[in-house]
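After the structure tokens below, expect a handful of questions from me.
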Amino acid sequence: MLEIALPIGFGLIVVALVLNLYRLLRGPTLPDRALALDTMYINAIALIVLYGIANNSKLYFEAGMLIALIGFVSTVAVAKYMTRGDIIE
Amino acid sequence: MDTLVEFLVSAAILVGGVFALVGSFGLARLPDFYLRLHGPTKASTLGVGGTIFASLLFFSWQEQSLRLQELLIVLFLFITAPVSAHMLAKAAMHRQLRRREDTRGRPWKQ
Amino acid sequence: MRKLLPFPLLSLFLWLTWLLLNGFSWGHGLLGLMLAVVLPLGTRPFWPNVPHLRNFPKLVRFVLVVHWDILTANLAVARLILGSPRKLRPAFVELPLELEDDFAITLLASTISLTPGTVSADVSEDRRTLLIHALDMDDEAELVAQIKQRYERPLKEIFEC
């Protein structure tokens, strides 16, 4: 059952990432692109976790954790830059 | 592999994948920024939640012991997703982004 | 004791996080314990005044309610997204706040963002109003009343502010 569910899961998330990429390229505004990147990193975590299950390895959890940390910080930095024109005041 | 666990893991993967897709679909499809903000903050978070739950179950079953490390990712996302949505909404209001004409109420001046 | 552990809950949380990250063993238990004491002491000046938790059972209940709402909210939002975007009735709503504490307001705003069709967009300077964007709103008064009854009141009871 898992042999069927895993590829489908990969497929769903890859399609989701393509949709994010569409929004990232299309815009039309800067916050839209930032939001697209934000969603992209969240979906990337899901993809990495699935890859961990497929490869039967627990190492990927730490990669997911790191992406979660860095993604959040960068989204906040970009949003802050857009509101204030500065990241650290 | 134990059929029940395998079934649960597969179901969690599918549910997570579907929610991630729905969130991103909303991001690609909805007409203005404030509407798009809704998809990723909710659906994508649950999408990751689903896959993490699958991974939790899978490795716990494989090692025959409870394994909760992955929960940290979900916990972290649940704390951070509203914050980044809030920051992006503030940025959007600051830039006075166009909103759909039939939106009731008004955003604040920044 | 209060001097050594200014935020007992934070220390407990840090300790559990450390154990989750590194696995449960005596060595890591001890190291995590040391960090859980030292980190809150070192970062103390940066923390806002966290209000005292008065009602622990209520907090557990609140967390469960919010998790249930996140699940149902996702189903509702999924249906809205997959339906026709023309049918959506977006709105900005101002929610008058009864909470006075910064931390409680933050919790409320985060909860609103995670639950049905609403994202909190801004807090007024005087901390008295919260600006919310709703994906599909029927009636403004109803939405405000629902948020107040379901999330704000329990938070008020939990922190008594």
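Labels A, B and C are assigned to the chains in the order they are written; within every chain, residues are numbered from 1.
Here is the rule we go by: a contact is a pair of C-beta atoms (placed from the backbone, for glycine too) under 8 Å apart; a residue touches a chain by one contact, two chains touch by 3 or more.
Heads up on the chains, UniProt names are A = K+/H+ antiporter subunit F; B = Na+/H+ antiporter subunit G.
Keep in mind that this is a model prediction, so the values were computed, not measured.
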| item | value |
| --- | --- |
| Overall pattern in which the protein chains touch one another (line/ring/star/complete/other) | line |
| Chain pair, B-C or A-B, that carries the greater number of C-beta contacts | A-B |
| Nearest-to-centre chain - CA centroid comparison | B |
| Gap in Å, rounded to a whole number, between the CA centres of chain C and chain A (K+/H+ antiporter subunit F) | 23 |
| Whole-Å gap separating chain B (Na+/H+ antiporter subunit G) and chain C, where each centre is the average of the chain's CA atoms | 16 |
| Whole-Å gap separating chain A (K+/H+ antiporter subunit F) and chain B (Na+/H+ antiporter subunit G), where each centre is the average of the chain's CA atoms | 10 |
| Shared interface positions of chain B (Na+/H+ antiporter subunit G), touching two or more other chains | 23, 25, 37, 39, 45, 69, 72, 81, 83, 90, 110 |
| Of chain C, residues touching chain B (Na+/H+ antiporter subunit G) in the complex | 17, 20-21, 70-71, 73-74, 77-78, 80-82, 85, 88-94, 109-114, 117, 119-122, 124, 131, 133, 135, 137, 140 |
| Of all residues in chain A (K+/H+ antiporter subunit F), those that touch chain B (Na+/H+ antiporter subunit G) in their complex | 1-2, 4-6, 8-9, 11-13, 15-17, 19-20, 22-23, 29-32, 34-36, 38-39, 42-43, 45-46, 49-50, 52-53, 56, 58, 61, 64-65, 68-69, 72, 75-76, 79-80, 82-83 |
| Chain A (K+/H+ antiporter subunit F) partner contacts - residues on chain B (Na+/H+ antiporter subunit G) that touch it in the complex | 1, 3, 6-7, 9-11, 13-14, 16-18, 20-21, 23-25, 27-28, 33, 36-37, 39-40, 44-45, 47-48, 50-52, 54-55, 58-59, 62, 69-70, 72-73, 76-77, 80-81, 83-84, 87-88, 90-92, 94-95, 97, 110 |
| Sites on chain B (Na+/H+ antiporter subunit G) touched by chain C in the complex | 19, 22-23, 25-26, 29-32, 34-35, 37-39, 41-43, 45-46, 68-69, 71-72, 78-79, 81-83, 85-86, 89-90, 93, 99-100, 102-108, 110 |
